[in-house]
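You will see two complexes here that share chain A, one where it goes with chain B and one where it goes with chain C.
Our next item is the complex of A and B:
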């Protein structure tokens, strides 16, 4: 918008430099703690316990990572997170695409009311239902199970909304063509319409994965046995007594390993993440 | 004339949308091998009629028979009908080959036959080089061929085409029109096509059905539609420019034909006066090519040139009569007339049509 106010080539160039500088500052703010974490994860504990500034020339060590391999708890948590996130993604994609197909494509009595009720779920904060949820899960003796960690994540009004819009965006003529090609509703859904929602599915899947992988609050309430901890919960628990037991370097190595899957997801699905995030902004 | 066991027969079909009676007792029969075109302006109900035949909409009364078999209660896929959609509706995530195979697989056609049929159809439509491509990588003309192939590969008894040329650019439209004509001749299949373009209808159809406001206005060969329009709507809708239609009165001439009085000038028609009902509110209809522009004279109707459209091979000259009414004349070649020129008009009364107060058309007996 300022670009309009600054006329001429010089104004545009100046504006470009301002934007680059702004991005550079933001990047540095985000990147600095991450790089610092990686840096610290390669230093010895003795080094880290000293009050003196760290010397960039070393010594460097892989001991912290070796320690992670010796002490298997991290991998248990890692596995738990992976199971919970993967199951949540699979569940959300299945439920949201089926619901989206119904809301976006089928005519049935009460459809609009039902859709409105689902969308109203967007307005309900987790915090307002978490006590009741805890109570219900406790009564059912579901705490400390994968079921307890996965189920709440499957309620995804945003996913239903995204998929409904994705199905609505497909021209009706596709259904007509499929009907003339003798496809029943299921075949039309599976072979004709669902493949056309892949971009939306990808965005939703990535978003759900990140949300589930980074979730801390619900696992903190539901998983009380260390064997059922997810990564976020386990690492938070380890932080409170790191100096006595593990040491700062191991903690940093844990953080690096914990961040890797997210990083991999980012690198693999960069394009979809951008469209997912811009899609969310448009909401 | 279509016989009553073969071909498509639409009998007293009723279609309602809520309280609106869209079709009320609509009947038409289409013979096997016909290239039948439903022509009308947008909103006339032509696409709805096509969708009723396809089974994409349900009839509220009457029946639709294909080769003697009632099909109006069958699901769309079981009617022996294939359709080419206006925007082609190819499956964007499938290759051309899978687009063609999808319907055949659902029809439980054996895999080897699917292969044979796809090869044959792709060869006939010259899309064999495109089988591995996705629709997004195809040009408009290629998409059109693939859409046609997807319909024809199913060997339908009836092929429906919903404005198949409207999403092509003009040059390609002409080319594809010719191909469609050749295709329908070589396949000997029955085509029912919907269009709002009267040039497409005139050039492609074996018979045209003109629709307006959900009613059939006229069914006939292109020549019949053009030379003997059933009513004013057809007369104005069909033709490169709308027919000139002017108010006046009729009188019986000495030869028994009707004379039309156009503000004092007699137009001697070739229409038998006794065939006309009594009444007022007559209008004469004359196509632009039957209006000749001459030098002003005592016998010619005086007029002033208003506006000239020169297309190269022909010109349309819009002239104004002394009473302000407008007439369009046609001249071959590039017209020398200029706006403001005073000219005379000679009307070819033998080619004139008469329309009564209800708009019904009356024509000279064919020679």
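Our next item is the complex of A and C:
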């Protein structure tokens, strides 16, 4: 380590102030847009249209939220998102844990090659396969169905990667013991190994849920009928024609109502989400 | 026969098979078929005709495509360095076990769990020239409001700023997890040596997190080349294509003009660009080390 010229104490104090100032500015930048949205959602549409100078004294109103409750399409979109995201999570967890078990724990011809091909898929962006993927579902007449919204999410290799790692991390001695008990590979998987991957499954499940819930690209292309929109896609439609239909205040209330569920999921499962995203990138 | 297949482990393949089928059907096949499609003149209604590399030649003479390509590169250049520096700064500031640091980490990451469509609703009300938060602020201090989304010189930088706000959480978390792997004892030894924070950063922290730095840069480059929702919703790629990136170009060519062979060629270019973006930082690091 090099010798230091500055007396340490003053230098450290200066840096402490720099750190505090930086944190304060960043916190303001992060929170201001969110608070502004919440603030606007309680303003009357007349105030928002007048573009009166900013007045924090009100008047405030709950009309925008009341309007939302009367809006049936929003519930429909919410329901669609719930169906699609839940089914995607179930599918991804099933396929990934089975494949992760095979790749991480079992021997079969071509295993390493196949795993390499699966990992290579992590580099394929959804955008570069969109035209032919769209054609596949067009040929089957499956657009505007739940299965069209769900299936592409199941082809992502991330889950297989995470689950293979999880299965590899379990000590070998455990399946040897199971083998001595003459358990077959399915029984070993289900009774011995899978229970130990629950933390990994939880991370993958919550991450997949958010990814599917927030996906805009594929629903935009596949679900063209408003009744089949997901909430995320619906929010896009809402913002491109809000002025004519409901007004800015209602749109802001919609943003709050659409943002709140994911923020709640995030607050509840923060640890899992962070461990999934950091595990994902560290390939 | 069955005995031999069993001994070689073929039945074990059955566990991986369900995923492999979906993977092959909806990711590998579309990728390869898309490469084939890019060699055809095809629209949604008629058949396809093989034309070799003509679509690719056409792309490089297409001013709209070149503009979109340039916009994508510019967007990455504007976004990624800011993202990396801010995320690293936050990670360094918040790598401590206080309650405030924990709250701040959560708050920064929170914006990235919002969908792009909710995010753009929020930001339109910040950037809008009529009644946006920034125009209120400008009026309050006697400045003119700026047309962030409709000025050709401001549209793309505005989208980049919005994107930084939205995606700061992930790189910060990645840096934090890298920092936590540096042994405490190293920092304690440095403190005993009365090293300044800057020396500690240069001599200890930076070398320790270089792999994470390269990884995050590569990942963010690849990610930001895929930008779509922000321009599609906030600027519609305008004005005059000034903020239209590659993915929006592909979307419009494929799904508004139904020129799908041509759009497929453009999406191969995107794929190539993302592969390059993901590997260039690693390559640069290796050359740097050798130099």
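Here are a few things to note about the model shown:
We adopt the following convention: the second predicted complex is superposed on the first by the 251 of 283 C-alpha atoms of A that agree within 3 Å, B and C clash if a C-alpha of one lies under 4 Å from a C-alpha of the other, contacts with A are read in each partner's own complex, and residues count from 1 in each chain.
In this text, a contact is a pair of C-beta atoms (placed from the backbone, for glycine too) under 8 Å apart; a residue touches a chain by one contact, two chains touch by 3 or more.
Remember, predicted model here, so these are calculated numbers, not experimental data.
Once the two complexes are overlaid on the shared chain, A:154 sits against chain C while remaining clear of chain B.
Of the two partner chains placed by superposition, only chain B is touched by A:195; chain C is not. Once the two complexes are overlaid on the shared chain, A:136 sits against chain C while remaining clear of chain B. Of the two partner chains, chain B is the only one that A:179 touches; chain C does not reach it.
In the superposition on chain A, A:13 contacts neither chain B nor chain C. Of the two partner chains placed around the shared chain by superposition, chain B is the only one that A:171 touches, whereas chain C remains out of contact.
Of the two partners, chain B and chain C, it is C that touches more residues of chain A. Residue contacts after overlaying the shared chain place A:23 against chain C, while chain B stays out of touching range.
Chain contact summary for the complex, chain C toward chain A: residues 8-16, 18-20, 22-23, 25-31, 33-34, 37, 44, 86, 89-90, 92-94, 100, 104, 106-111, 113-118, 120-126, 130-131, 133, 136, 139-140, 165, 168, 170, 173-174, 177, 189-190, 193-199, 203, 215-216, 219, 222, 226, 228-229, 233, 247, 250-251, 254-255, 260, 263-264, 267-268, 270-271, 274-275, 278.
The part of chain A that touches chain C in the complex is made up of residues 1-4, 6-8, 11-12, 15, 19, 22-23, 26-27, 29-34, 36-37, 40, 48, 51, 53-54, 94-96, 98-99, 101-103, 106-110, 114, 117-118, 121, 123-125, 127-136, 138, 151-152, 154-157, 160, 185, 189, 210, 213-214, 216-217, 221, 231-233, 235-236, 238-240, 248, 251-252, 254-255, 258-259, 262-263, 265-267, 270, 273-274, 277-278, 281-282. Chain contact summary for the complex, chain B toward chain A: residues 51, 54-56, 75-78, 81-83, 85-87, 89-93, 102-103, 106-107, 150, 154.
Within the complex formed with chain B, the residues of chain A that make contact are 171, 173-174, 176-183, 187, 191-192, 195-196, 198.
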